[in-house]
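There are two complexes below, and they share chain A, which is joined by chain B in the first and by chain C in the second.
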Partner chain A sequence: MIKEEFSSGDSLVHSTDPRIKIIVAVLFSVVVAMLSNFLAIVAALAASLLLIMIARLSIKKVFYRVLLVNGLILLLWIFLPFTFKGQTLFVIGPLVGTKEGVWYASQITLKCNAILLALIAFLSTTPISTLGHAMSRLRFPDKIVHLFLFTYRYIHVIFHEYHRLTNAMKIRGFVPRTNVHTYRTYAYLVGMLLVRSYDRAQRIHNAMLCRGFSGRYYTLSQFSINRLRDILFLSLMLAAILGLVILQWKTIS
Partner chain B sequence: MENNKLIINLKEISFSYTGDNLILDHLSFRLRRGERIGLVGPNGAGKTTFFYIIMGLLKPSSGTIELFGRSASQEKDFRSARKRIGLLFQDSDDQLFSPTVLEDVAFGPLNLGKSPEEATDIALKTLARIDLAGFEDRITYELSGGEKRLVSLATVLAMGPEVLLLDEPTNGLDEETEEKITDMLKRLDLSCIFVSHNLDFLSKTTDKIYGMATGRICLDEELAPHPHIHAHRHGRLPHKHGS
Partner chain C sequence: MHISEGVLSAPVLVTGAALAAVGVSVGLKKIDYEKIPHVAVLSSAFFVASLIHVPVGPSSVHLILNGINGVLLGWSCFPAILVALALQAILFQFGGITVLGVNTVTMALPGVICYYLFARLVNQQKGGLSLVAAFACGFLAVLCSGILVAISLLFTEESFMSVAKLIILAHVPVMIIEGIITLFCVAFLRRVKPELLGGIYGKG
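Up next is the complex of A and B:
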């Protein structure tokens, strides 16, 4: 399931305060999503790549993760060049590819990858439980933080439950085919998972009540930003983001 | 003064999930301070329901509940009583919901208003008390079944309860872990009710065993040593049993 392969390490990015990483990741993503200048976009992508290098992550593993998302982006390349009005760039049979369409598709591709790499560098270098606590420290609503932490904890349990159910099906000779029996069986499987998860949620809530839970979630972890390194890292990142904004703004005016 | 010793006093409790089929049928039950009671009964006899009623997780359709000498009917009555009664759930995955062992054990103490430092301290001490020192940074879902059960027990003990309710504590454990839990429970100086199918375990850890059937609790025979047929590994070889 969730292996958190990148979360352990001792690079500069790993040891930075998780709250700073969240803030920078959000700011960076928003700014990059708004960029429209080619130079600025390429600069953003380069910055993300640099971050991956600083975090010393396995390039191969990062590549596979990015590849997954680019599969979706590939779909855009099938449609966007032909559906945008503008200057003709190439013609395939009855289809006309426009310059604007291609530019738009490449913009999305570059921006997506830049944001994705930055998120990998910032967020997946933090253990998920730490992220949850950092979110709560940043005054994210309690409900979102709980939802996040509980999803993480119970996705494994639900996954095991799913396995138990599919194994129970297999040992009684179930082989998926394209027929009503298969569809019905899968519907039962999903339904059963839903019901069981609901029951489990109820039991967990009971278990929490028994231990004095009253809606407020206290955490053990305490962070403090007073390390020079954290502040330095934050300023550096803010400067880089500001650089992107300037690059964008200069070419418009 | 008799009433001071009464911790749990259930009178004529009835409960049903559906409305007609009574899971608990005018059940009366008392637990006095220092008593250790074992509860056996077939599946579906209402043992878990019985625990839920005591903790206020289910509301009885009729009857009265007294906990620590005070009548309990509202959520807030139970809320204060839950701090003094520890319930161990049947499925440890229900009990352990925090990412790490330390956080889970500290969850109860934090809810009781302890500071993070105090809670950490309590959690570490509780873990050490049941031979789980060094487990604090383990990820809860990566624990083995036996370890999960022991950590669950730690989460309950960390609240410093006066009464311990355990629901099938030895279910699905190997001999070694079962022995460990049995030893530990024998050492604890608490009032307790243990539900189990494991009579061997109950005879070692409790003073009285009650049977539960069709929604009522009745005293089973007093524990008496008696010969019986049993099976274990290498049983064919000549051997002796301990007293």
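Up next is the complex of A and C:
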């Protein structure tokens, strides 16, 4: 269930230096979140779609992911056209839909999906362990990097534990329903996960001490940006982001 | 309770990121290198717990558990939640980079509030009172998160009022379920592993 679905591949995006991908992903997300010009937003969406194509990801899988995340956006579409004051666009019974409301809702939808697709293209195409090492090379605080890598490592272990416990529950005839018994059972399940996690953490710590852990976590992976394509990729992306800023700024002035 | 990318305005995003940075740095100060495995394993336990869907009538909700997270971890729940949310963003695309700060605050701040309000009460001798505190902790944490989500929406655009109200209203059943689950979970931990509730993670 917890799979890094998009992380393996040999496309241009997959093989770019992960530090570049992190930097570009952050810059792109921040810039797109600030956009309000229609042309700029559409250009951003087109850019991230292009990135998905370059990364040669399965369009079906990406589409499914994006669809799942659009829940809140759907909620906004139900309300925003009617709560926004402005020019009347359409009327359904007592409800008046305004042009501004529809524009605002579509602006949010496009921006959300543009950032989402970019997130998939840049970060989900990198294995989590590589991301952690790249974060460390980018001078993220050591403790955050450790926490990030350890958490990812133990998500799998604890998820496995969770599966064992739910299997045991099923074999004993547990069927979830809306009643206190169900909630109590789930609460005990969570409690058991916490207890086992605690014991496990204790053992991990002991094992680390045995191996001479002294408070530093070394990363062996070395990255180097001397390949021409990395530099080319970075400059292209920066140019694209700058392009978005110019599109936005030109129409404001 | 994630806010999607592209919804909030720049000032709200920046405020969220700044508050999250403060919370995370306070939390990190409390974690020494010895405690990192503990916090990480607990952080992943909460990540997995958030994948558990609990039935409510014909529908289902997933667990949030930020109340008990706060009670167990204290300020360290800020970095723990930040990391869990970052992993959710990368693995499932729930949330994202620019809303990471806001989402961390909406989940972790109620946790810290619960830590100060309930950590002692939950761990005390009298069983009855500690269970009432546990219910209140689960209930209040989700309520506070809902209010924080509503506030960040309203500061972005006043027309979000009805959406914000609906979000809080829709979370009322979640609050009750989180309260019940937290209650039973605390009852379980009191019997099985009382030292967990003794603030071994939160202190220091």
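Just so it is clear, the second predicted complex is superposed on the first by the 253 of 253 C-alpha atoms of A that agree within 3 Å, B and C clash if a C-alpha of one lies under 4 Å from a C-alpha of the other, contacts with A are read in each partner's own complex, and residues count from 1 in each chain.
We adopt the following convention: contacts are C-beta pairs under 8 Å (C-beta built on N, C-alpha and C of every residue); 3 or more make two chains touch, one makes a residue touch a chain.
Predicted model only: the values in this text are computed from it and were never measured.
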Touched partner set for A:104, first chain B, second chain C, both or neither: second
Partner chain(s) touched by A:115 [first = chain B, second = chain C, both, neither]: second
Partner chain in contact with A:152 - chain B first, chain C second, else both or neither: both
Partner chain in contact with A:200 - chain B first, chain C second, else both or neither: both
Chain B versus chain C as contact partner of A:183, first or second or both or neither: second
Which of chain B and chain C A:50 touches, first, second, both or neither: neither
Comparing the two partners chain B and chain C, which touches a greater set of residues in chain A: C
Contacts of A:212 with chain B and chain C, given as first, second, both or neither: first
Which of chain B and chain C A:69 touches, first, second, both or neither: second
First (chain B), second (chain C), both or neither touched by A:33: second
Overlapping contact positions on chain A, where the chain C interface meets the chain B interface: 128, 150, 152-154, 157, 200, 204, 208, 213
Chain A partner contacts - residues on chain B that touch it in the complex: 52, 55, 57, 79, 82-83, 85-87, 89, 91, 93-95, 97-100, 102-103, 106-108, 110-112, 116, 119-120, 140-141, 155-156, 159
Chain A to chain C touching residues, read off their complex: 1-4, 25-26, 29-30, 32-34, 65-66, 68-70, 72-73, 75-76, 79-80, 83-85, 101, 104, 108-116, 119-120, 123-124, 128, 131, 141, 143-144, 146-148, 150-155, 157-159, 162, 176-178, 180, 182-184, 186-195, 197-198, 200-202, 204-205, 208, 213, 215
Chain A partner contacts - residues on chain C that touch it in the complex: 2-8, 10, 13, 24, 28, 31, 33-34, 36-45, 47-49, 51-52, 54-57, 63, 65, 72, 79-80, 82-84, 86-87, 89-94, 96-98, 157, 159-163, 166, 177, 180-185, 187-189, 192-193, 196
In the complex with chain B, residue positions of chain A that touch it: 127-129, 132, 149-150, 152-154, 156-157, 200, 203-204, 206-214, 218-222
